[in-house]
Amino acid sequence: MALIRNVSTFIGFDSEYEEAGIVVFGCPFDGTTSFRPGTRFAPSVMRDESYGLETYSPYLDMDLSDYNLFDAGDLEFPFGNTKKVLDIINSFTLKIVEDKKIPIMIGGEHLVTLPVVKAVYDEYKDLHILHFDAHTDLREDYMGEELSHATVIRRIWEFLGDDRIYQFGIRSGERQEFEWAKKHTKLNKFNYDGLEEAIKEIGKKPVYVTIDLDVFDPSIFPGTGTIEPGGISFSDMMHIMNLIKSLNIVGADIVELSPHYDRSGTSTAVACKVLRELTLAIIAEKQS
Amino acid sequence: MALIRNVSTFIGFDSEYEEAGIVVFGCPFDGTTSFRPGTRFAPSVMRDESYGLETYSPYLDMDLSDYNLFDAGDLEFPFGNTKKVLDIINSFTLKIVEDKKIPIMIGGEHLVTLPVVKAVYDEYKDLHILHFDAHTDLREDYMGEELSHATVIRRIWEFLGDDRIYQFGIRSGERQEFEWAKKHTKLNKFNYDGLEEAIKEIGKKPVYVTIDLDVFDPSIFPGTGTIEPGGISFSDMMHIMNLIKSLNIVGADIVELSPHYDRSGTSTAVACKVLRELTLAIIAEKQS
Amino acid sequence: MALIRNVSTFIGFDSEYEEAGIVVFGCPFDGTTSFRPGTRFAPSVMRDESYGLETYSPYLDMDLSDYNLFDAGDLEFPFGNTKKVLDIINSFTLKIVEDKKIPIMIGGEHLVTLPVVKAVYDEYKDLHILHFDAHTDLREDYMGEELSHATVIRRIWEFLGDDRIYQFGIRSGERQEFEWAKKHTKLNKFNYDGLEEAIKEIGKKPVYVTIDLDVFDPSIFPGTGTIEPGGISFSDMMHIMNLIKSLNIVGADIVELSPHYDRSGTSTAVACKVLRELTLAIIAEKQS
Amino acid sequence: MALIRNVSTFIGFDSEYEEAGIVVFGCPFDGTTSFRPGTRFAPSVMRDESYGLETYSPYLDMDLSDYNLFDAGDLEFPFGNTKKVLDIINSFTLKIVEDKKIPIMIGGEHLVTLPVVKAVYDEYKDLHILHFDAHTDLREDYMGEELSHATVIRRIWEFLGDDRIYQFGIRSGERQEFEWAKKHTKLNKFNYDGLEEAIKEIGKKPVYVTIDLDVFDPSIFPGTGTIEPGGISFSDMMHIMNLIKSLNIVGADIVELSPHYDRSGTSTAVACKVLRELTLAIIAEKQS
Amino acid sequence: MALIRNVSTFIGFDSEYEEAGIVVFGCPFDGTTSFRPGTRFAPSVMRDESYGLETYSPYLDMDLSDYNLFDAGDLEFPFGNTKKVLDIINSFTLKIVEDKKIPIMIGGEHLVTLPVVKAVYDEYKDLHILHFDAHTDLREDYMGEELSHATVIRRIWEFLGDDRIYQFGIRSGERQEFEWAKKHTKLNKFNYDGLEEAIKEIGKKPVYVTIDLDVFDPSIFPGTGTIEPGGISFSDMMHIMNLIKSLNIVGADIVELSPHYDRSGTSTAVACKVLRELTLAIIAEKQS
Amino acid sequence: MALIRNVSTFIGFDSEYEEAGIVVFGCPFDGTTSFRPGTRFAPSVMRDESYGLETYSPYLDMDLSDYNLFDAGDLEFPFGNTKKVLDIINSFTLKIVEDKKIPIMIGGEHLVTLPVVKAVYDEYKDLHILHFDAHTDLREDYMGEELSHATVIRRIWEFLGDDRIYQFGIRSGERQEFEWAKKHTKLNKFNYDGLEEAIKEIGKKPVYVTIDLDVFDPSIFPGTGTIEPGGISFSDMMHIMNLIKSLNIVGADIVELSPHYDRSGTSTAVACKVLRELTLAIIAEKQS
């Protein structure tokens, strides 16, 4: 044991900022959560529990310890002021992108995706989005608020425009949201059937991957605010990772783990493994 | 906020009794539960949690808010007197049936199905039963008691007779129960393979659907008294709903949710969604 | 069972608004909670659990069922917009006060006390505050935000001024808060030693009582966001109720129950009993 | 390890029936529980957890391993038939009493005390009762039922008559129950102030001690169906044990532990220690 | 109820040692568990919960109550001395094997498999192993320790040698472990694809089956120390049981249930059912 | 947010090793725990939860942020090898003591106190011990093992000798342990009555303070392996801290928090506050 202050990072994220090509950071914000709050605890619980994970992936036959990865810890937010929080996230992501590194953000609720995508979009104007989620997140507003976990993809659409957003696993929303999606996004109900075609369409254009973990079936991921039975399995996700590893991913996030709703720790373990596989999938394309 | 007393109903069940075609009511009874009690809490927990649900079903492309649905709340029972409880339930259901409305009962343990079916049978003598369950529920008695969650289908058979009861998903029981079933019911072990044939056989005769939620695999539904691994998935149930929506359903129930055994809330969310889909499936046939 | 829509109120709060002298309402807001959110669930959980409570108090020998009490349910809030929430609360309280009724508000986090006190103060300019809490809540701002559970008493002081606020049970805060209190409030560390003297000083002037339930020791009240061992006992609180029943209380609240952190239900049971005793204590003075 | 079938008893209860002077047995019944069921699990959980306990009491300086004590396990009951259950308990207790042994019964809910006291009363017509409880349990009926946990002491009074029942710790009930008690029992509100006087009055007459564990404050005993803050402490109970060890106790019970409501295990540990101390207190008088 | 000391066995294991052909015993040891301890509680919790299980298997159409089965209870271990624990287990298993009975051991952590297999190997020198697990367990040492749950199969290999060990379901380990396995064991990643071929290769040679229950997907089995999503389903396991029932199984174990991490009881129910089916599968071959 | 790797320390322990006078470190070992393991999680959970704590103590009117304090994180241990673990702890403590700093160790189970005290004793031969605990910990061996949480004070006595060890709060043990203590230690049953006299006797000789947190009553501290009702209150502990702040404390520890047994977080909050107050009490004497 070295006589230095105790360090806490995701397993395998042991490099310094300067040398790292990928930067993970936590956004512990759940301020617009309408049902059950608690996603604020996700990044720190994931760091603690990641030590139950191996750095080696038998799925991709790659090892986190072979790469330079940096964990910046959690951003610090004021409480009760949504706009300030989004500004803090946007500024931090801009710094990462300007330093030519790839941001992987750990939420928090889904609204925190907005300022991250905005920062990545400032660098990559032809950005496309792969959106995995149980919910459409396409409302114009939610109880009068424009900034909400339930409106985040709609807000992103406002600067990306039509045909840039691919949605998978969607199984909950208002009728109007599904109607709206028919014109403006490419929405796959219940599963990820259209993913291979989407990958072909996108080619080597820059892609941002946002994974609302409630896309999983609650049998494997009960630790989230709004439970939606009927989602994808863990094997499905490993298959998805294997597919997207050919894409030019320039940013990503994993949101909506609310660890305390799953005392068994399964949800956190799933989130940690998705983080490992997603990180390796991003690297795979850069190496090939 | 209106200055009237606080009302608590399942989401989308906002009509008054007189105008409603379907009446939901709770039977918070678990007095013969042999293993882990707690189903008494199911209907009130479901009401609270139903607000995490959308009224729109992307499965059936129908919306609860388009129909007149009434939630009568929970019946009030004495404690420790099984017979009185069954009488109270029977009387209430008779009232609903006589008013030409369709009852959907929320248990409670499975025994509460008996007085509901009896009341519906009084109106529809050619009634058939679709029974989804992990257990046969066909014992002659249980530790000497004739009125028990473990005997309920046997009691119903006593007035319905042979070949009226279709059983699906069954994976637990004594050897004698399975033997008995060969002569008197149509029992499908483990799955719902015979459902399509059953639907053909029944045609437009009146049907009562009783769903013991432990028919689900505990991966998706751990919140029940007696855990039986090896059950059906949520997708299976959505498929079942799609099949039975052609039937002339005149009564239904959902029983054996014991919400406190699943602190994640998944089981309650599943039960709420089954209630939504079942309600819409009943309506679908009436509209067609 | 009557064929009307299911009603859910605190036990004993069965009157209509017009006839009631006391109005209870819930403010399910926890948007500035810095540590563990969840107080949003308090009022509805309290309603459900209040049915384990008797309406009769052996402490005061009074019975809730002898009085006209109204439960308005929970106010509905947007998510992520603190200012709008406070406005909604303020408007509703103003209505109650203008109708010459006494508001009892159930939080939510402590910030929701601010708009209630402001509304009561608009009617009673010589208002005094009895503040029971583990924390001083006297910060000028909290991580840059002026509207916070940690600043609420400071904000109230800004319109009430010096010597109107009595604080009891305080055992946590920054050094500067304790210093500031020496000049502007009457702060009792750890216990309620100065309460009898405060009651004498106040006499028949109008009083608002705000009870942050973390004033209790966590042995009897673990269900709160920030645990502070060293608080008062339940017997202490019953003694406090007996003392304040001579005061002219014109408004009150109970805040910071976060029921899901105490799965045993003890904290909710304590909150319900405090609500019963507080309601009866307010009535006691009006009757004498 | 001997090659005999696995035995499970309370720690220190290692004798055979014939040689034992005290017989412990479990009554896992909670059929009339009105709020939260679960006391059926108490005796078996107590057996398992008793192995965290020492057999030696530093309070009484006595050791369970010095005496002949027998654990008969749990009685087996039908489900949903209250009267049959009470008959089974009564018969078993009669056997113990006729064999000149002292029964200590572990509930279950409080109604199971009735058949045990009845059996003991058949042997000792001048029986007195010490009743420790949060609730009066003096209702004439409960929702129409005469056999209920809420009526048990009233039922016992019907054969014992006035002035034989001493009640301690009572802090919940309807106004009429408290009124009724003034004429028929000796009721101490909130605490056990009158215990020393009661002991003097009783002298060497036979005594039955019934401890509803909700007499404890929920800070030390949250694991029960109906939480009533304001109860006695563990030190109080140890003091009570020290006082009653001079009495001629001919039967006793401990009821209303519902272990799953207290996941920390504190309530079960308290119940186990009360069982140890109560057993030793009964022996103490026999030895002196 | 007989007046003998309370007996606690797995349901259906009601015979005496002498007449039984199969002996179940518990090894409540978790001393080298690196992440979350608690498997020590597995055998006693399984005994208690097994009473929610039927003795009849609708999968195999066999009934535990038709056979002579003995439950020896749990071995007693010192704490903190790994070697002594392994010696105690080894001695006890040797006794069973020498008495020509088949041992089924319930862990505890996976290290306890080592002394059991060693004892069985002493009797059957051509022993083969079927190993179901999420982890390879093939490390040379774990943080310097040779005796560890992470090295147990490597230790067994040291006396069994190459090509005797078949591994299924493996999805976690260090890269070196997977490399090592290529030369020394037959490792199936993720699933049990090679099982039918293995069964053919083994023929009627003696087989030991070791089931680390984390081979299951955590959706159906979250109650274990190290969660590894991506495992097999319950139906898969029933299929495996059906396949191996033709083998000459001379010993078996079920390890790594940590029941308190799954409060719903699903994991324990799964473990109990696997024990039932595994026992019946062993018998099936002996009868044929 | 600085772009350095994420640091995790107890709140207020922000200095570097070289400048610090006090060094905190964690010993996450529970290898000899006989009942319920889990103390291994204590130090890291305490670090995470310490951010709900203020650095300012209203009890002592001192602030952690005024002093140089270092948190070394957790020592890393092999699993299943008790002796190696104790050696690692001893070596690390020797380094601290040789650097003239004061060690405060966070367990882990109580056995980890042995190597810390041994290291401190090597520097201070006239060391005295203040031992706060529910248990005597004076067994000669525990199930044959000399190194155990149940023998730790006996092992310490072997090098310290008679009359150096003061024990407080003791309420559980075997009769022989209490007998042995009469000759060799100064044991106070149940409370800390003899503390003031002990302080006088010790004067300015070096003192080591070991606090087994189960000395607390489980009402305020249920989060420990072996629950012993009848302990001291939080106010008692604050009083103890105020008394011992005059002593020349040269080492200290806090052991036996098992955080997962108390899901409310109360036990962890208590442990954090004890750590704060103990640290400040140690400093108080150095400053005076």
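Quick notes on this structure:
Labels A, B, C, D, E and F are assigned to the chains in the order they are written; within every chain, residues are numbered from 1.
As a convention for this text, a contact is a pair of C-beta atoms (placed from the backbone, for glycine too) under 8 Å apart; a residue touches a chain by one contact, two chains touch by 3 or more.
A quick note: this is a predicted structure, and the numbers were derived from the prediction, not measured.
Shared contact partners of subunit E and subunit F, listed by label, are A, D. Counting only chains that touch, the fewest steps needed to get from subunit A to subunit E is 1. Listed options A-C, A-E or B-C contain a single repeat of the E-F interface, assigned here to A-C, on the basis that more than half of the contact pairs agree by residue number. A separation of 56 Å divides the Cα centre of subunit A from that of subunit D.
Annotation: 38 Å between the Cα-based centres of subunit B and subunit E. Residue positions of subunit E touching 2 or more other chains, listed in rising order: 76, 217, 219-220, 263.
Per the contact rule defined earlier, chains pair up in contact as A-B, A-C, A-E, A-F, B-C, B-D, B-E, C-D, C-F, D-E, D-F, E-F.
Of all residues in subunit A, only 1, 3-9, 14, 16-17, 25, 44, 47-48, 70-76, 92, 263 touch subunit F in the complex they form.
Note for the complex: subunit D touches subunit C at residues 35-36, 170-175, 178, 189-190, 217-220, 222-223, 226-230, 261-263. Only residues 30-34, 37-38, 40, 76-82, 84, 111, 142-145, 147-148 of subunit F touch subunit E when the two sit together in their complex. Taken together, the subunit E residues at the contact with subunit B in this complex read 51-52, 54, 56, 58, 63, 217, 219-220, 234-235, 238, 263-266, 269-270, 273.
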